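Both of the next two complexes hold chain A, though its partner changes from chain B to chain C.
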Partner chain A sequence: MKQKTAEQQTMPIHKSGNPALINRFAWRNLWRNPRRSLILILVTALGLMSSLFFYSLMQAWAKSMLDHTLNSLSGEVQLHAPHYQDNPDVEHSMLLTSSQLTQLKSLPIRDFSAHLKLPAMIKSEYETYPVQLLGVEPQTGRPLDFIRKTVHQGQFLNQDSTYQIVIGAKLAKRLNTDLGRKVVLMSQGNDGKLKEIGLTIVGLYRHSDPNAEAAMVFADLKTVQNWLDIDNKYSEITLNSSQPLDIQQILNDTPNSPLNRLKNRLKQAFPELDVQTWQSLQPFANASIKMMDSFNWVWIAMILVLMLFGMINTLLMSLYERRREFTTLYTIGLKSSALRWMLLLELVWILAIALLVSWGAMIALIASVSDGIDLGFLSEGAAWFGVDRILYLNIEWQDWFDVSAAMVVTLIMIAAVPIWRSTRVAQLKPSNRIA
Partner chain B sequence: MLISLAWRNLWRHRKRTWITVAAVGLTTLMLVFMLSFQFGIYDTMKEQNLKLMDGYAQIQQSDFLEQPNLEHSFVYSDQWSSVLDKVDSLSAYGFRAQTYVILSNNADTQNRGALIMGVQPDKEPQLSSLAKKIISGRYLQNSDDHKIVLGKQLAAQLRSKVGDQVQLLGEDRDGSLAIDLYEIVGIADTHIPELNRQLAQITLSDFQILFAMPNRAQQLVFMTAEIGQAADLKPLVMPQLQSLTDSDLRFRNWQALQPALDQAIELDLSSAILWYAALLLIVILILLNTLYMSILERQNEFSLLNALGVQPIQISQILILEIVFTTLLGLISGVLLGMAVTEYFIFQGITLPGSEGVFAQFGLSDTLYPVLSLLSVGFAPAVFGFGLILLCAMVLFKMRSLKPLTGRQL
Partner chain C sequence: MSDLSESLMLLQDVTKTFEDGNRTIYAVDHLDLQIRSGEFIALYGPSGSGKTTLLNLIGGLDRPSSGELSIGEYQLNRMSEAELTDLRLMEIGFIFQSYNLIPVFSALENVAFILQMQGVEKEQALKQSREMLHQVGLQNMENRRPAELSGGQQQRVAVARAIVSKPKIVLADEPTANLDSQNSQELIDLMKHLNQTHKMTFVISSHDPQVIDSARRKIHLKDGKIVSDEIVSD
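Moving on, here comes the complex of A and B:
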């Protein structure tokens, strides 16, 4: 037999307003019927875990969508010549002087890319296919990393890359050509006439989207400008604002955000150009990211309702079953308020254990997939939605806290009603219960 | 008697029973509706994407899918029609050929790359929705000679309109220069700018002459009344057609024609199934908890019944009947309500305001319609059925150790 604490020995039960004692009662009560408590903990933990898991998964999905949208040379803000969006061709390119380029680079931005993006035809000795030609400055930094990092044969363009081209492995296969061989590019020049140029393949890349791998080709900007006779002309300028975008910023989009401020400055500096943010250029990605957040909360509400059903049901049963116990406790002097606290604390303990279990399980789960979830077998499907083939789950402390807090507080508030009802003095009077 | 006992037991604790019924019912309702809505979106996506160009299935030369060039074409003959006309489920079929060329306007001030397709104008309107998307002029006709239909953006880029001539420059099947003049008879708008910039169609007979492809095509496009019927065409047509030609043929279902669409649906469905599984697991645990507690709470009652001569197996039967009734009540109400809600939206459609631009990207209109199917209605009941088996196993296990009530316990 356990030794009683000094506190218990000295304190009569009718003065048991003592929170520590009530807490001890609550804790012991849990383990009087351990299986019931464990099932309740399991239901709650599972509900919490699935909410946290899907929240993290959605965040990973939205983040991947954002990265995919912003990192494929498209950036947060884009500048084009008017009507380029309708007809993305050489006639709708923009002329920028070096001082204008310097002005652009001096803005509060993280990175910058001025490039040509034109339709072209590529010809090998055997085949002809349409492609999207990207004339890029090889020294462009981060904006080109998305392709530089995926060159698996040969190398990406560098300063000495005049008359060189980097194409996708899938396109190389289609063209029946290979690294080191020559291809001919055809596109419309400044004068409207068709122009041709011979380029050597110096690199082959892979892309998570097989269609992009068959369509995008990269050549040195100066080479393309000279070939098409469009010196200092660009199809597109992409900029990323000083602060990297995250999902929260997208949800709380304000006119005063760094991105919108950058857009407004650009509009003032280049009134003749078409300045657009990624939101208007990629409405699907934008809408999806916003929708996912609201959908997350709908999902959490659904889980919450079901958890409530389970919890209230169990609670009703246990309250019914324990009527005699409550009456006895009341008869020997436990106040109804103390009884109420005891029952609430039982609930709080269950929720606290479920919370610990669910967070622990989630941290373990995320640690076990630290290399990301590979959607490789569905990579074309992923590209269709505009996400990368690998999703990275993250521990989102703040979001997890919000989700858990919302669920736990709602559960306690709603469960408090039957507890209050069954611990009213009228219910506890011995005459009502014990004959 | 067991049935009426079990039924009466249910209503000894009305509140509890209703909560359990509501949990099962609500989950079933949600699943029926959400799955129907998802399947509705998938069907629309498939239909609108495939009807635009690809058809529900195709027969191609074996290497055409990987390398869509003129070399990878097949020889066909008039005998093919006699085979195909006998297949009842085939609502339409037609031959096509395609290659990449450069189109120039008459003044040669504009040059653009394009995907030129040779089509059979009399068959094409049943195979592709393009013929209905002509915004200026008309679609091709069988009697057309040197006529061309262009996509909206392509025509604009070439600064050409209906009645103007364009020059086509490409390579024929032997690698020689293929060059000719065509008169624009129609301009089409598919609402997909990338497609409009590439789209050019001439008659298959013109194509075969220009590109040195007599009696050759690269695609035999099939259309059936329902998309599901297309897969059944393979055994009906492939052996006979293969015996009529030396070319190596392959049957391509829609999944092979649009792998991205297929995978997108699979990805969406698998993530959704993961959600539903979590949801159902929670509800089954709730059922388990309810049952478990009711067994614990009623231990004395069962022992008394046992002492009065009721066999443990009969008590188990009562308990199983109770849980079956509860689940059935939930399932029936959930399925009926779910079907009613779905039916309502099948007539009304679900419009998501402001989503037109977003959905157009995927070939969808802004109003979506759910589709009731055996899978969408049967998924939740099937999982609950499986859960019930587990619950019954638990009841039998618990009741094994039941002892009759003794005087001391009373």
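Moving on, here comes the complex of A and C:
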């Protein structure tokens, strides 16, 4: 190309065009038909927002399910005597020596609970029901926090809770009994004989799972051990690893995950015991959480398809209307690549604004439901799925970024096809178009 | 700018054919033409005579089916599409029948667009464009968008855009077709004035007798061939 004279030209030719000019052109084009652009932005923002909302809701649901599962005394890893899972009676309890206890504490765990978990019958003066008796050390911390918090009448067990029991409000109603009244527990002792003990109800708890509320009763560990003649024996040890479990860890479950490493160390340290993670003990919850993640992406894909229909339709209309203009621009010296960039930038601007709108709306929405979303209307259905009644939505920036990036990149890639086709040199040639 | 006698463009045995089913249409038929710097040429002839096709060939928008075509030292046949686009940007100005201004840019921005695409800094481009709009008599309308201008004013902006970068040649395809006779005459006078003051070469395809009468060289085309090539002495 010839060099322009100093009067005409002060800078060398920018081979790819003038990016700032192209960007300004794209921005102005966005507002040449404001109503169309605004509708497109709104539709895209709604699509993004619905995807983010659904994703956040499903994450909250999965988190609630996970917490619910782990808090129901399951823990992340459990130790049992062999065959306890087949027959959880007193015969399959295990001894925990002080050296084993020390060894346990040396592992990378944040808490653990050793307790008795046995089948029993509870009897009031009116009714008798089968229950799951949990003999617990009242001073145990975190694993019992969830039940301590849900005691709504009376109190939870403490160090002086000999011959006391905490039962669910639902069970109390079934037994036609109440706080301060006595019940009788029956279970099989170490000698194989049925034993009874009278205990005073000192606390009533509520549980998001009505079945658990009607079945789980808590008594002092020592009292139960003495009653059944099984000193220093436990039927279950639950542990939580030092690194709190989150949904991503579950989805990216690898043999080298913190949980699996803990499980392997426990197997080495206690080869005579049965070591299992919560996934194998609660396969439904594990599968549900994984399924929810897949469902998330199915939903996002559906939204994407709907958005694409709208966006491609509008884009094609816009490209068709502007064919003459593209030819003019090409004729006066705008390269097809610069034209392509301009059209892509228009799309990027629309998506960027839609992204800001959707994220802003989502932040506002989450702030407006900061007290949680009450699933009371789902009643026992939610409990059946193992989630709490209240779901808390969180701003998960990384997840939002992943979802948004996936949608935006897909939209750009697919919209790039008609843009590319309409800016091919053959399409831009004037032929009979320019007059 | 070069002398009037200097050869600017040379077409040697140029043919452009289009296929229509089994039929071959010769839009430009073995045409030889030399255009010198500073000429003011009118291409005229009936519809389908090959005026627009010839303009497209000269402007590097179409490639000849055979023959040689050059502007200055550039052989258009041998240039890539990207190089041709650069050539149009740097060396050729275009004026269209329907003005074809960028609707989202003001008159000033439309004119500056070419300079900015060439890499001239924004402030410098705006300064030069302002001066050019002044020359075409639109000094008070630089911030108006095309939709806020009359047809004649839009065509003046288009002329300013075509010549602001001082191209070697300006190609105009039916520039007066959408204008009334007064605006047409004003536009012709403006182009002639620019041709004389800047020694800029104009090739205008037109049916308009006003344009043809004002040209110093009149090329009559028919069926893709030059029927007559008349140079009018001043």
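Definition applied: the second predicted complex is superposed on the first by the 410 of 435 C-alpha atoms of A that agree within 3 Å, B and C clash if a C-alpha of one lies under 4 Å from a C-alpha of the other, contacts with A are read in each partner's own complex, and residues count from 1 in each chain.
Please note the rule applied: a contact is a pair of C-beta atoms (placed from the backbone, for glycine too) under 8 Å apart; a residue touches a chain by one contact, two chains touch by 3 or more.
Please read all numbers here as calculations on a predicted model, not as lab measurements.
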- Message: Taking the superposition on A as described, I'd like to know which of chain B and chain C A:I312 touches: first, second, both or neither.
- Response: first
- Message: After superposing on the shared chain, does chain C or chain B touch more chain A residues?
- Response: B
- Task: Quick one: classify A:V425 as touching chain B (first), chain C (second), both or neither.
- Result: second
- Message: With both complexes superposed on chain A, which partner does A:R324 reach: first (chain B), second (chain C), both or neither?
- Response: second
- Message: In the overlaid three-chain picture, which partner chain does A:T128 touch, first (chain B) or second (chain C), both, or neither?
- Response: first
- Message: Looking at A:F25, would you say it contacts chain B, chain C, both, or neither? Reply first, second, both or neither.
- Response: second
- Determine where on chain A the residues touched by chain B overlap those touched by chain C, and list them. none
- Query: Tell me, which parts of chain A touch chain C in their complex?
  - Reply: 1-2, 4-5, 8-15, 17-18, 20-21, 25, 28-29, 31-32, 324-325, 328-336, 425, 429-431, 434-435
- Over in the complex, which chain A residues touch chain B? Could you list them? 33, 35-36, 39-40, 42-43, 46-47, 50, 53-54, 57, 86-87, 89, 119-121, 126-130, 173-174, 176, 186, 188, 192-194, 211, 283-284, 287-288, 299, 302-303, 305-307, 309-310, 312-314, 316-318, 320-321, 375, 378-385
- Task: Can you check the complex and tell me which residues of chain B touch chain A?
- Result: 13, 15-16, 19-20, 22-23, 26-27, 30, 66-67, 69, 99-100, 102, 104, 108-115, 153, 156-157, 170-171, 193, 197-198, 259-268, 271, 275, 278-279, 281-283, 285-286, 288-290, 292-294, 296-297, 355, 357-358, 361-362
- Contact footprint of chain A on chain C as seen in their complex: 56, 59, 61-62, 72, 81-83, 85-91, 94, 96-98, 100, 102-105, 113-114, 116-122, 124, 161, 165-166, 173-174, 177
